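The next part holds the structures, each set out as structure tokens.
What follows is chain A paired twice: with chain B in the first complex and chain C in the second.
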Partner chain A sequence: MDVLNVEYMLGLVPVLLGYLPLTLQLAGVGMVLALILACLFAVVRVLGIPVLNQLTIVFISFFRGTPLLVQLFLFYYGLPQLVSALTVIDGVTATIMGLTMHFSAYMAESIRAAILGVDRSQTEAALSIGMTNSQLMRRIVLPQATRVALPTLMNYFIDMIKATSLAFTLGVTELMGATQKEAAGSFLYFEAFIVAAVMYWIVVEMLSKLQHYLEIRLNKAYSR
Partner chain B sequence: MIKLASLSKHFGKTVVLDGIDLTIEEGEIVVIIGPSGTGKSTLLRCVNFLEQPTTGTITVGDLTVDVNRASRADILSMRRRTAFVFQNYALFSNKTALQNIAERLLVVDRWPKEKAYQRAREILDQIGLADKADAYPASMSGGQQQRVGIGRAMATGADVILFDEPTSSLDPEWVEEVLGLMKQLASERQTMMVVTHEMSFARDVADRVIFIDGGRIVEQGPPSEIFHNPRDPRTKDFLKKILATNPV
Partner chain C sequence: MKTLLIKTLSIIALLASAALHAQDAPLRVGMSGQYFPFTFVEQDELKGFEVDVMNALGEEMGREIQYQTANFSGLFGMLESGRIDTVANQITITEERQKAYIFSEPYVYDGAQVVTREGNTEVEGVEDLKGKTVAVNLGSNFEALLRELPYADEINIKTYESNLERDTALGRVDAFVMDRVSASQIIKDKPLPLELAGPTFSQITNAYPFRDTETGRALRDELNQALTSLRDNGTLASISEKWFGTDITQP
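Take a look at the complex of A and B:
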């Protein structure tokens, strides 16, 4: 067995770093959209809004019950076949759609649980000063639920960053796609993928630090 | 003026309130007493629709609502004319003392920030907690939390403040400061409906004491009459028991 080609690895770092922004963009946009969708789903579920509630249940069931890769292929290869307007859908858009829907299904459930965990007296107090349902959700219940949901939501975000690597199967050259190409050219598979792995790892570690910081901030109101 | 007419509340087959008729004048301090589980808290909670009453009408100021025909808008405006002080304080745990008090002015009355916080600071001064403006509920004593709870109710400018056993969850050492604040409000002729087991407060502060049992008003009158000359045997019995453990 040859020794590791360290020089090649070092040279690869700047090359692969150039593709990191796309990976972060896929995860960042996907996370924001998934969060918005998940909050809407959770509120619909908690308030039990007729029709929407049932639709949400089916949506969550489908996107939790099928593999992300299948969903991505469905969006990228399948949808254009049904709807001709979607023939122009590109890999990036399809990936973001897939990540958004897949992860919103998971996050909706953890946000719903966090909302249900907010003490009933908080809602009553908000009603007693004359707030509407949407005001009390926005100002009292959701902020308190955020604190409870944060650790699991960050878990999903971390998961989502790693899941962006599936985008290479749709021909998107993000971090994983670029590594694959580089490795195929040099035949130095171990070197290429270990560099990519460490890059993912570092990003996730930075997020864990962010999570720690956010938890301290959100817990400020609850420390004596 | 607050007027309740034939107000009833059923939980399934259980009748908790059985046709309450009650009129309270502006500036009147009414204390409601009675055995546990007789509907005192439910009565207060029905006035601001934290519980949906089963039948009857509620009037607060110039708004009269038939509880069965109450629209969402009716319920909202009834809640905005009443304020509530909870047994367990129920301060917004994600907000500071100042923000708890200002919340109503900011969100419901849509005051500009500066004006709302200025008013909230005035109230903090009145309740003697100016130094706790930026403290969160978790870092305050029970007595301080309940005073902020009363401050939050004061900020609403409501026609009536409903007190639901405001000192029952407090350690004995904090009871006096909360009762003191309530007396201060009473001296300013803030209309109040108070459910409490603090008989000394009822005797010293109330204009009228109402004894409720079995979901009905059994007896009512000025404190001197209720405490020294109760007519109904149930009132006598209740007072004998409660004054034995909780002397006036």
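Take a look at the complex of A and C:
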């Protein structure tokens, strides 16, 4: 008890590794969907498209203003109570929905900031040669904004990976859920959670490396 | 000729009923997987008293059992939203739960037990909990039991999702309240400095909750029948002996 049970920890590694893919899947799918949603929100906000703009403001306000766990409970347990057919939403889907909406609200603001950071003269130049709003966004503004937004978006992705640990409350046995159950069987909490912590850490560390690589690539046009 | 016909027909009927039986939808059972020794995981394998009893019931009913683990706080939501058919997690029959759900016959009879850190002389029973911090599992029935005590106002109740026995051993809380059986088991099997404090203070009966719907009632009746068979043929008692060294399935 007093010493770390290393043998137990080593035995746990392959077991817990089996649940890592699900954790990564939840965060990966969540991130892609959240990025798409966040870009749409940011563009709507920047262009000030009537009605959509107001709806987006309410959406961001709600999903940024309430805890993720509350949102997960709403999607998973709340919705089927209103419409019983919504029981088809399984734990994985509800988790991805929650992660997507929650993080898209944050990311929309960070993308909007990046768009606003692109110098106004660029917009004026594009419009003066007859580009449409859509062309302006796709060809001029968004590529430049991406470089600025990348570090904060990676931040959210990292946060999202760790947020998947809430999924076991919806019955999704991902890395954290598997660890909790194993720890309950062995009572070796410290050992079990250390193994899980190191796994999360390694994944996040690999992402940081990816971020570094992407930053170098996106900076090519700016280095002289 | 006539008997042959009857025989043939009855064989057909038997085969048909067996086929129907095999087609029965699996029983979806929720559990936390975090309640030793009732439900827990070792090397990726779901184990425990609840699992053994449920498997035996499934065999008796001719239904496959589909286990769904989730944090305890999520289990009743899953039952409510129709994602599972019942919960096998030592669910105590209470008035409040009976308003919302229908219960099977009890399959575990037990009592609430105060547990303290080893050598704690201040708390030697439920009457010593006055002015103390006491841990209970979130959503469990033990919080309600504590609140029923005449000096409930003077007890600082702390609710936990998990790991309350650990916090008690560490001295972060003065005691925890859990069912006697699993408390004894924790003390016996696990390297935590804990001890039982005094006798149990409330009888509890645990059973399987079902939704109060037509299918829920049918499943409940079907399970009750299987439960009676297992009780009569000694299976329940032997599963209990295996895990607890004593029969907790009798009053």
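Assume the second predicted complex is superposed on the first by the 223 of 224 C-alpha atoms of A that agree within 3 Å, B and C clash if a C-alpha of one lies under 4 Å from a C-alpha of the other, contacts with A are read in each partner's own complex, and residues count from 1 in each chain.
Keep in mind that, in the parts below, a contact is a pair of C-beta atoms (placed from the backbone, for glycine too) under 8 Å apart; a residue touches a chain by one contact, two chains touch by 3 or more.
Here the structure is a predicted model, which is why all the values come from computation and not from measurement.
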Larger residue footprint on chain A, choosing between chain B and chain C, goes to C
Which holds for A:Ile140: it touches chain B only (first), chain C only (second), both, or neither?
first
Examine A:Leu37 and indicate which partner it touches, taking first as chain B and second as chain C; both and neither are also allowed.
neither
Partner chain in contact with A:Ile111 - chain B first, chain C second, else both or neither
neither
Of the two partner chains, chain B (first) and chain C (second), which one does A:Gly18 touch, if any: first, second, both, or neither?
second
Give one of first, second, both or neither to describe whether A:Thr169 is in contact with chain B, with chain C, with both, or with none.
second
Can A:Pro80 be said to touch chain B (first), chain C (second), both, or neither?
second
Contact-wise, after the overlay, does A:Tyr222 reach chain B, chain C, both or neither (first, second, both, neither)?
first
Quick one: classify A:Ser128 as touching chain B (first), chain C (second), both or neither.
first
Using the superposition on A, tell me which residues of chain A are in contact with chain B and, in the other complex, with chain C.
none
Spell out the residues on chain A that touch chain C in their complex, using ranges where they run on.
1, 11, 15, 18, 73, 76-77, 80-81, 84, 87, 90-91, 168-173, 177-178, 180-182, 184-187, 189
Residue numbers of chain C touching chain A in their complex, please.
30, 32-36, 40-44, 46-47, 68-71, 73-74, 77-78, 80-83, 162-163, 165-166, 186, 190-192
Chain A-facing residues of chain B, complex:
48, 50, 76, 79-80, 82-84, 86, 88, 90-96, 103-104, 107-108, 136-139, 152, 156
Per the touch rule above, chain A residues touching chain B in the complex are 119, 121-122, 124-132, 135, 139-140, 143-144, 147, 220-224
